[in-house]
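Presented sequentially are two complexes of chain A, the first with chain B as partner and the second with chain C.
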Partner chain A sequence: MTLSRMPEPDQAVLDRSSAIIKDLEALIGVDGVISEEEGRRAFEADALTAYRQAPMVVVLPRSTEDVSKVLKYCHRNGLKVVPRGAGTSLCGGALPMADSIVIGMSRMNRVLDADFVNRTITVESGITNLAITDAVSAEGFFYAPDPSSQLACTVGGNLAMNSGGAHCLKYGVTTNNVLGVKMVLIDGEIVDVGGAYPDAEGYDFLALIVGSEGQFGIVTEATLRILPRAESARPVMLGFSSCEAAGQCVAAIIGSGIIPVAIEYMDRPAIAVCEAYAKAGYPLDVEALLIVEVEGYEEETTRLLRDIVDIARSFDPKVVEASTSPEHSARIWKGRKAAFGAMGRISDYYCMDGTIPLGRLPEVLSRIAQICAEHRLKVANVFHAGDGNLHPLILYNANDADEARRAELAGAEILRLCVSVGGCLTGEHGVGIEKRDLMDVQYTPSDLAVQMRIKSVFDPNWQLNPGKVFPLSALEASRASAAADQAA
Partner chain B sequence: MQTNFTPEQLQNPRVAEADAILRRCVHCGLCTATCPTYVLLGDERDSPRGRIYLIKDMLEDNAPASPEVQHHLDRCLSCLSCMTTCPSGVDYMHLIDLARGYVEQTAPRPFKERFVRQLLARVLPYPERFRLAVRLAPLGRPWLNMLRRFGLKQLAAMIELAPPVLPPSPKFEGPGTAATEDERRARVIMLAGCAQQVLRPGINDSTIRLLARRGVDVTVSAGSGCCGALTYHLGDEASAVAFAKRNVDAWSKELEKGPVDAIISNASGCGTMLKDYGHLLKREPEYAARAARIASLARDVSEFLGEYELGAPKRWSSLRIAYHPACSLQHGQRIKEQPRELLSKAGYSVVDIPESHICCGSAGTYNIMQPEIAGELRDRKAKNIKRVKPDLVAAGNIGCITQLTGQVDVPVVHTVELLDWAYGGPVPRGLEGLARFVSNVPEPKQRRAEDFIHA
Partner chain C sequence: MSDLQRPAADWELQFVIAGCAERRVPIEIIGSGSKRAIGRPVDGTVTVTTTSLRGISLYEPNELVMSARAGTTLSHIEAELAARGQMLPFEPIDLGPATGGPQGAQTIGAVFATNMSGARRILHGAARDHLLGVRGVNGRAEMFQAGGRVMKNVTGYDVARGLSGSWGTLAVLTEVTFKVIPWPETAATIVFLGLPDNLALELLSVAMALPVEVSGAVHLQASVAERLNHPGLRSLNKSITALRLENFSSAVSGRKHRLKEALKVYGKALELDHRETLEFWGELRRLSVMPNRPTLLWRISTKPTTAPKLVAAIKRYMPAEAFYDWGGSLIWLEVPATADAGTAEIRRVTAIHGGHAMLIRAEPSVRASVEVFQPLSPPLERLTRGLKAAFDPAGILNPGRMYANL
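Let's look at the complex of A and B:
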């Protein structure tokens, strides 16, 4: 899978690699630098393994100061930098360039401060998403965004991609749950943006930084909002014999004014795979399964579940089954959360992340099935129905080059479809390398030009996470026009 | 994940097996989060996903293992935490075993390391030799610092792990059958083990008493011995196969004598190995079928007891027990709840240890081969245990018991020793001080029908 072309590596940089490695070792210690070939290759991909490229060198800093030293060095020497959290990106966000330095944040994983009075927690950015909740759960708190990879993904990566998760329907995505960051700019300067209070003075730079895909700087610390856990939370499973009925049911629930914590959708192939893994008791003979979770006081949960089931009844559900115990709830969620990995049991997959207006769901699902059939590929759908964030998983054989290419073509067509019905390319995974060349489907050249000018403010020489987000053609065009301006 | 083996490479059954395992991995990275070495070191190469990548490259290149690869594969504990985390069902256990064999065959090791490995392989599996070695260990204690200075940290770790005093030999060493005095309900073979019967013979005694009390005949077969896990995880497959064959031979004879309900192991590291005999010997035509049968009969003692109603305990205590799930039990054999339930039913109050999925650093001979990482994991585990303030710690594996003894201020014993105590057995070694918190449950008075008639 190589539809997206990577920028050519700079041979002059590669020629200097041994000197650069020595310098980096002097800066942060031999222990924090990985330069031998096998080691570098272990960093050649994240969770989008279709794209692979070993970096020139990997550094594993232990502190903000380490990151600052490395960035200052890279800035001075014109070196490219690729930040990496846990390498769980599904869009190739942490894909290295051959002439780049990967800065792996995995060693910066401490909790720095938990403030229960102000309901905030300050952490280093290499901590995993779930570890944040683990750190405060004994006191009855949790951190709301919960990507399916939350066990392993880092909060730094979450900030870069503005990650969501099943429970974001109620609590919002990362940007709604972050209060401040400490960030190292490309020249090594350490800045604090926002803080442990609701609104920072001046421009809201924080909103700009969240979702910038590691192209504005490297976040080393974050102050996040934590919330008290609800007294009770329970999911109900609703099985339907058509995806239309399920789609209409979702719209009706949201339309009624109820805000569940999550509404998750699985189609028949996805149900089968997840059930085989989690033994959650999913119904196997339905076309679509919704997992709707509500929370609150015990009475509230019971009442909301009853209301939801009442609404669902008018769409002729084949299965209505509420969770009976915390263990049952855990099982129901285990299957959904591990859906992508469980899919790996049967096939390689290519995971899409388009978002659509809810009302178009049935039509889009049937088009997706059609597109995949046209490319002679199977597809399974697991996604956050509540906010219209689709995750079609296109199944293919990675050892078959033709099939891999067809998968990528089908994926691109699905994303074009999402945009054409009024949605967008990415809900929560980010653009990365995967959707880079589709950005002009969604944005006009002038939209892209504005975004690239903002990027240039933070990183004038485009050293941070290069080759991602913006189509290379748009990039080259903007460079040409800049050169022309200068000449004039 | 894509792999790049040539058709010729795939002719080799081992490469074909590795390929099938590698193809399942989707590189999602979930395993990194629960891998003890990644949690400590924060380096992709010390995570399951990173190691899988190193192994893939090594096998694809078909070149001798580089020192880097050897280093990072050596650092894997084989705790198999990644396998209970992996949603794709990647068979990491067999992949790392296979890779270890490849590394041993293709990459040299320095003399010092070969010496330590040979020493372990020649001593640990043989109870007499091991007993002698433990008795000699105190002689080395004054020289610990010197040994470390000369780069013999592994030898130093070995001496430090040896207990200062050895308990007396077990009551029943076998071979033979400890027959139940009750009505016979089952017949089992017990793996008597190797190092365990020297370090804590009470475990086998407790197991036999506990089973015999419930109508189970317990046989220790002549000719059976070490399960082979020790040398297998050091990359010496040939030696492991030899040990396994010896056990399969010995137990096959026992199976011919009459029906056997289970082959019981009370050291979960060994149990994991027994359950894998079918796989280990699948390429040995004379053994494959018998090994598979043996593997299907293998049960951890807690697994077997879980199927039995043990009845009301004879002694009652309010002792607070931190249950430490050995990795080989919770990840290797996926037995998590049974030991806790058995302890609860026996009247103990059981508490869970935070981060209980993370290894204590024992991991077979890991605490000898990798003393620094093992030490960090041990201290981390000890800290977590202390947080729940238990009266004692129970575990189902002798390795963990040895690793944690003396680190947590409270005794560390085997689950079956506590069960045996509750159901009428003697005070387990080291718990004499706690005996005053345990009292006999009064026997219910035999009442006749007339007693209920109050005229």
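Let's look at the complex of A and C:
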């Protein structure tokens, strides 16, 4: 791929690397520092594997104090810092630079307090998303945001990217489910924002911190809302002979007053791949498949599914299959949840994440097909239809440089399309390195300046996760204007 | 009398702010002005109202999204939504009646700028949770937009949500885009009588832990309950603990049954039907139980389990009457008027128990001399000053509204 340019490494820092490593070892202990090449290479990429760069050194703190000591040191010495959870970012959010220090949060993975009466849980940020639900499920609770990578991804990464998941149609995304964080600022200062009570005091810093892609500080602890789990959740599969019919059906369901917990969409190529992999019982002769899930008490889900099927009838579905048992539900979901993995077995793919207004779905899907055809590429669509968050998977061969370049061009064109119909570049994966240079498609220079000034409030020298989120050109313009501010 | 400006377009607002920024003239920002008696008084040479920026610019019922110009009244928005069987999920509270302002006058921009949510927040989240995007002009006279109109958007920082609750001190919003939800088919309330605070709050927590989707969970002390307009509930001389369910009819009746079964140790429950439910929660939304009087009104956010202890601790220093909302995590507390508004004691007790407190109603002279918003920790204060300078370096937008010298 024609990779986005990263900032040039600072040779003076690289020349000092052995002294820096010694200092870090003295700060948090030899066993908390990884400096040998083989160890560092394990951190060279995240799930956006087209980009690879081993960091100068990796530190693995065990406490907020460790993080504070390391950041204070980095601040004083002008070093770049890349925070990392589990490295499952799809946008290069955890990609290191050659002269950077990766702070890996994997050792800070404890549950600190589960408060069932007040319905909150306080955890260290290196805990996996699924482990939070595991810690509270015996008491009948769950943690709502459920990104596909939930087995591996950390809540720290979820906070950085404001992650969503299939069930956020009803329960919201990460920002709607977090009450407070403990964060270490770049100068080592520890700040508590919010707490186990609603609506943090003063400005809504929590809103700014969630989704800041590791550029504002390192969150070491988070207090999250947990919810009582419904007695039953049941999906229905609806197959249609056109994507228009499926799209209209989604709008009709939502317009009817029913808010399902999830509405997932797969097109024909995606259905074929998922079915071959998961044997979920998906129909192979439809153009679009919806999985609509409702929850509640047994008698309620029965009624809701009946209502949804009634609505779907007006759009002439070829297949209607409601789950009849927990095993049946698990099978229906198995194919959808395995979609990215199943696709990965047959081809390399480039996963887009644009969001569009639902009403534009049919035209956007046909334009996506057209764009990919023009670039001689295949595409499969798997996405969260209820909230318009698309995941077109552009299939390509990573060993074919020309095909990889075409995939990237097609991807950028699809994202421009999403913005042009009133949508956005990324619904849940983040900007990272991947979509950095497309930011000015969605935002004007003053929109970007507003964002970049907030970054400077938290991290005046731009040491935290540099080279991401903003086009490097916008960055240079902002430096010039900050200098002018200073002079004024 | 300050100079009143009513910009009718973003560029007009930009022009006004640019002129003030250049001459460092302080501006008081208002919508309808219904919350003017809340927060620290602002001494603006110029007053800018958003009321000429009005109208619904986008409404897609099938996508559960609406955009409106900031000065559109909330009542207009709610009427348009109701016509399509929809509503705002967070049931914005109307503080007008409790603070001597008009009722039903607030603008949608101000609802988000102050992040004011009502009882339904416990199920659906706060105003800020439903804010998808904004347009506005900052103190540098830059027009900008943040977020958008789609439900999921992590493109860049969440600046729109970050502006909610900033009380016009960072930027003047000109348009807001937000998420809406369908009206439930029906609603019902179950009411328990005569419970002391600690048992009532325990009951609320038990209810909230059941998967019945309680959409309102309140406790009114007896002296507060007798201020209700509802004739039946007013005359009981007992504390009232109420839970609301909203859903389709058969789900409401099934869930009501389950709730009563799980809570039967707390006594026999009364029921309010659909109409009474609308009236009762409508009253609470206007804070009718905390009418405008020459007393002080505090709003305290804390954990439900600590709420009754916190109120009991404050009562050791002064008489206090409480209305607990949000399952106990929000306390509306009325205390007698004093020169320092009971600040020292209330802030100390809140700090011990964990949470934050805001003085909602007091004389202007009191609001000018004490901390109205929760004082900030040193690192948060540093960030707050930084954020203010990033948006409004000359300090002209609502100066001093939230914190003195900011």
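Here are a few things to note about the model shown:
One rule holds for everything that comes next: the second predicted complex is superposed on the first by the 480 of 488 C-alpha atoms of A that agree within 3 Å, B and C clash if a C-alpha of one lies under 4 Å from a C-alpha of the other, contacts with A are read in each partner's own complex, and residues count from 1 in each chain.
What we mean here is this: a contact is a pair of C-beta atoms (placed from the backbone, for glycine too) under 8 Å apart; a residue touches a chain by one contact, two chains touch by 3 or more.
Keep in mind that this is a model prediction, so the values were computed, not measured.
Overlaying the two complexes via chain A leaves chain B and chain C side by side, clear of any clash. When the two structures are aligned on the shared chain, A:173 is found in touch with chain C, with no touch to chain B.
In the superposed three-chain arrangement, the CA centre of chain A forms the vertex of an angle with the CA centres of chain B and chain C, and that angle is 130 degrees when rounded to a multiple of 10. Using the contact criterion defined above for the overlaid structures, shared-chain residue A:259 touches chain C, although it does not reach chain B.
In the superposed model, A:481 lies in contact with neither chain B nor chain C. A simple residue count on chain A separates chain B from chain C, and the partner touching more is C. In the superposition on chain A, A:338 makes contact with chain B only, not with chain C. Within the superposed three-chain model, A:420 lies out of touch with both chain B and chain C [touch as defined at top]. In the superposition on chain A, contact of A:461 is made with neither chain B nor chain C.
No C-alpha atom of chain B lies closer than 20 Å to one of chain C in the superposed arrangement.
Applying the stated touch rule to the two superposed structures, the chain B and chain C interfaces on chain A have no residue in common.
Within the complex, the chain A residues that touch chain B are 34, 36, 38-39, 41-47, 49, 58, 60, 86-88, 104, 106-107, 109, 126, 128, 130, 149, 151-153, 277, 338-345, 348-349, 398-399. Listing the residues of chain C that touch chain A in their complex gives 60-65, 85, 115, 117, 121, 125-126, 128-129, 138, 142-146, 148-159, 161-166, 170, 181-183, 185, 205, 208-211, 248, 250-251, 254-255, 258, 301-305, 326, 329-330, 354-356, 373-374, 376-377, 379-380, 383-384, 386-387, 389-391, 393, 402-403.
On the side of chain B, the complex with chain A involves touching residues 1-3, 23-34, 38, 41-45, 49-50, 53-54, 57-58, 66, 68-69, 85-90.
By the touch criterion stated above, chain A contacts chain C in their complex at residues 115-120, 140-141, 161-162, 164, 168-169, 172-173, 175-176, 185, 189-193, 195-205, 207-208, 210-212, 228-231, 251-252, 254-259, 296-297, 299-300, 303, 355-359, 384, 386-389, 422-431, 435, 439, 442-444, 446-451, 453-458, 469, 485.
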